[in-house]
Amino acid sequence: MQIDYKQILEKIYKEIKPELKKGEVASYIPALAKEKKEQFAMSITLADGSNYSVGDSEKRFSIQSISKVFTFAQALNLYQDNIFKRVGVEPSGNPFNSLVQLEYENGKPRNPFINAGALVITDMLVSYYKDEYKTLEVILNFVREISSNKEITFDPIIAKSEMEHGFRNLALANLMKSFNNFENDVKNVVFTYFKHCAIMMNTKELSRAMLFLAFGGEDPITNKRFLTKLQAKRVNAVMLTCGHYDASGEFAYHVGLPGKSGVGGGIVAVVPNKLSIAVFSPGLNEFGNSHAGTIALEKFTTYTGLSIF
Amino acid sequence: MQIDYKQILEKIYKEIKPELKKGEVASYIPALAKEKKEQFAMSITLADGSNYSVGDSEKRFSIQSISKVFTFAQALNLYQDNIFKRVGVEPSGNPFNSLVQLEYENGKPRNPFINAGALVITDMLVSYYKDEYKTLEVILNFVREISSNKEITFDPIIAKSEMEHGFRNLALANLMKSFNNFENDVKNVVFTYFKHCAIMMNTKELSRAMLFLAFGGEDPITNKRFLTKLQAKRVNAVMLTCGHYDASGEFAYHVGLPGKSGVGGGIVAVVPNKLSIAVFSPGLNEFGNSHAGTIALEKFTTYTGLSIF
Amino acid sequence: MQIDYKQILEKIYKEIKPELKKGEVASYIPALAKEKKEQFAMSITLADGSNYSVGDSEKRFSIQSISKVFTFAQALNLYQDNIFKRVGVEPSGNPFNSLVQLEYENGKPRNPFINAGALVITDMLVSYYKDEYKTLEVILNFVREISSNKEITFDPIIAKSEMEHGFRNLALANLMKSFNNFENDVKNVVFTYFKHCAIMMNTKELSRAMLFLAFGGEDPITNKRFLTKLQAKRVNAVMLTCGHYDASGEFAYHVGLPGKSGVGGGIVAVVPNKLSIAVFSPGLNEFGNSHAGTIALEKFTTYTGLSIF
Amino acid sequence: MQIDYKQILEKIYKEIKPELKKGEVASYIPALAKEKKEQFAMSITLADGSNYSVGDSEKRFSIQSISKVFTFAQALNLYQDNIFKRVGVEPSGNPFNSLVQLEYENGKPRNPFINAGALVITDMLVSYYKDEYKTLEVILNFVREISSNKEITFDPIIAKSEMEHGFRNLALANLMKSFNNFENDVKNVVFTYFKHCAIMMNTKELSRAMLFLAFGGEDPITNKRFLTKLQAKRVNAVMLTCGHYDASGEFAYHVGLPGKSGVGGGIVAVVPNKLSIAVFSPGLNEFGNSHAGTIALEKFTTYTGLSIF
């Protein structure tokens, strides 16, 4: 059965309109708060590089927590299973920035996609590259490479603004340091983390960047391998169980694809061995995930019949 | 590529031997404690009904929490999405019988596979059938039907022994009742729950019983439909995110299949559109899941390349 | 300096009027819900038996958790320090019926004045007297003796109504039983507990009953000793740190006397070596303590200068 | 009845010997770890300034959390009841540095004696004096004044060492800042806090310094008033309910006096309207309070019959 992706995306685009008024744009920093709610974009990329998009798929936005997929992939490549001495792979069952669980579990974050876990991953990268500027450069170059786009960079104003309101992340990092699970200077690592969260990409670029995870760790267009097949599967497994904070179960239940959301309004997902997807709509639901983006993805799996289950 | 299941199962059977000494048999009731640790069995069933087994695949054991998959499927069929007024689909991020989260979340269990959630499901079935004996009969008949085996029944001695030690489940049910999330007599429902947990099946029967979930809710042999395609996918999604208590993320990471474990030492899993699996080995790991069973399933997905990711 | 108790009580009685409209009468059972909010009574009893009262000090009400002081005193007398194998003396720092802490602390309640702790105390009394009816009789006789009043009894309608809504207490008792910290039949003990909570007394009787705790364990009128001097001090210490659920610190801060409140609207307190007090006003504050009663006691210590600090 | 304090202290001194081998000296920073365990000192000061001491009562040690009494008294004097907009007076029911409760209660610490609460108090003082050096000077001068001793100062090496291991306190302060309950630069305030914790005093000086709290806020020797009578009572109330972390109930139960302990091995206490006490012995019990010091105080109240209950 041949799926007409163009037609399906257009159908979703039409149907999603009433949802764009719902949800709330992230408002904890001015740079995010100024995004208009009624934006929407959706892109898919196939193995041959063909791309289907609807909406403002050229509009770049702050990818925020989606960047955690890229840093996790890099750390998994560098450290292999040693990564799990410092971070777990269990769903957190708590709001994404909770210190409670971190304290009960002696400073070891539950998974690499809650803030504490992503901070530990960034700390591991800084330990490896020995310098936070070098680390940021490596992260940026990785994202440029997987998306075949040298232009991609971060927004320093957003990063700075995050840092000025970043006391909770500083609390998380200091708490982990008190448990000896943080190696580098807290402020430097947290700022590096905010910088990679402030990477600006559009849905076309994001769906392109996720292609290697849909195809077992190897980019099917450039044939460049970034992860082993097993590692790629495992990144997908962690996206499925932990990719959407305390709504990961809901996302698995309704969408049925490995994915990762960010408070900037983006969500990425993969259909293993088939394609990669990115959506954008800045109105967030109660769990901090794009309201319209989540619904669009649910429609996509319903209309295409694609799902991992 | 044709997979030689027979050869792969035999390879696993040979390799698993050293693992059979590890883990601890559940000891909280005498009936479970007497199981010998060094047992092992593994069975797969394909769409055409062909079965491959190794080990003592005729040995029946107490399926315990695996029964929660069957009661959840039944309740989902009867109540559809109304089921989620009373139970969620999020991973719990806590040991399987914790009251903490239940209290913080006002008596609504996180998912149908933690004890509190399964008790609510049983309570919903009792409300529907208006009588706990009738309810048990319906559950048993459902399991007999999906496994094409009229002989299957529960062990009343195990059920009674569980009841005598069942104070924590009585606490859970009373707590939910105090939040108005429990409709029937606490003792009757808890006893019915223990009875369906005490259903005795072997791995051949269990892998056969799971076939309808591997094939979109319809038994591919009898062509009888038990769930809609969407419902079947959703049961699989909940198994993936919540099927192994606080090791669900680990299981997704290492095995990569929707599955459900029980303290009796059984684990069931499905490869969507391909096959269903059951393993048995009563030595449990620290999370209460079969130690050797988990490893055997990881080997299975590694050797076959089958995984949903 | 001679304190004019009569004048002070009358001053308080006049000033308390505007407060009687505030707070909410306990409404979880009909028998308590029907109490009119604007009631108030206050009584003090001195060493020579002289009593000063204002308001409706002859009106009996359900003493509820105040009964925990009497059962704790009895258990301390019977078991001495062995009591603390099963219950602690630390403030709970959580709402009075929380299961969270009980679970984290393996079924040992923090203190004898939270519900779980009081249930364990009742369980210990039932174990000692071997029968729940005998136990209730002993408790009633003790209260009759310390208050020199043979008429005192409990209200069976209130006790029955509590039992019909008592699922949370059944949950607490079952949870403790699962941790082997509960010896007798759960329902029998919980019902006995509700019966002693349903003892009906007025403020005159309650202030008289507390006199032995103000005077080192010996009733200064009858010269009958109920506790050693040390035990009496210790009951007072536990009242101070744990007597008002999660507002115990507030009570110590504002009132500065050992005391115990009940959801029926009563509060008792002692000024060591001087006098005992009881107040009644059924409108409760957010912590479940009598709103006007707490303020009246604060006024009392302010106007008399009596305080333990 | 005249109490022979000299004889009682000597009796305690003799009896306490076997206890000096027990407990563990605080080891999280080298400067504290080097204290020898078998030290002991105890001093009391009466209203007329007469002092009774046993042991090495001239030996200065790091007063640590005892300094929280002094900063709380200062902040209460400056802010009156406005202080309670930012910190509560309830026992915490959790280990002294727990972030859990702080997060659940939106960044408002339970009381001024847990670390988070003391950090907020120091932050309030820095806000008032507009500068952290000025703040430290004011704190030191206050301690010098209440102890009539101009020599008292802090140990900069201990303060610096604490700061180097102070990640948990930095986490607490950052968490409160994320809840808008922290006004000044986190590092500056935390360092100021560590400096006042590093104040060095001996038991003679400490018992002298506490005298104003035993006598309603006015130093009975100099007749200088530091707090109103009501404020002094309230500081005592908070010491009683919250002065010993999660062993405050135990301390009230066994000792029966308002007091405050520090991990340096010191404990101070007051007998209202009678005297003030200080003990020192660096071996700590499981709750972080001086093992021998706690026992010595229990003996003191037993032998003298002094207790607030």
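All chains are identified by letter, namely A, B, C and D, in their written order; residue positions are counted from 1 within each chain.
The criterion applied here is as follows: a residue touches a chain if its C-beta (ideal position, glycine included) is under 8 Å from a C-beta of that chain, and two chains touch if they have at least 3 such contacts.
None of the values given here were measured: they were computed from a predicted structure.
Novice: Of the other chains, whose C-alpha centre is the longest way from the centre of subunit A?
Specialist: Farthest by centroid: C.
Novice: Would you kindly tell me how far, in whole Å, the mean C-alpha position of subunit D lies from that of subunit B?
Specialist: Result: the chain centres lie 55 Å from each other.
Novice: Which whole number of Å gives the spacing of the CA centres of subunit C and subunit D?
Specialist: 32
Novice: What are the residue numbers in subunit A that touch two or more other chains?
Specialist: In subunit A, no residue touches two or more other chains.
Novice: If two chains touch, include that pair; go through all of them.
Specialist: Chain pairs that touch: A-B, A-D, B-C, C-D.
Novice: For the complex, give me every residue of subunit D touching subunit A.
Specialist: Answer in residue numbers: 98-100, 103-104, 167-168, 170-175, 177-178, 182, 186.
Novice: Subunit C touches which residues of subunit D in the complex?
Specialist: The contact residues of subunit D facing subunit C are 88-94, 101, 110-111, 230, 232-234, 236-238, 240-242, 246-250, 252-253, 256, 258, 272, 302, 307-309.
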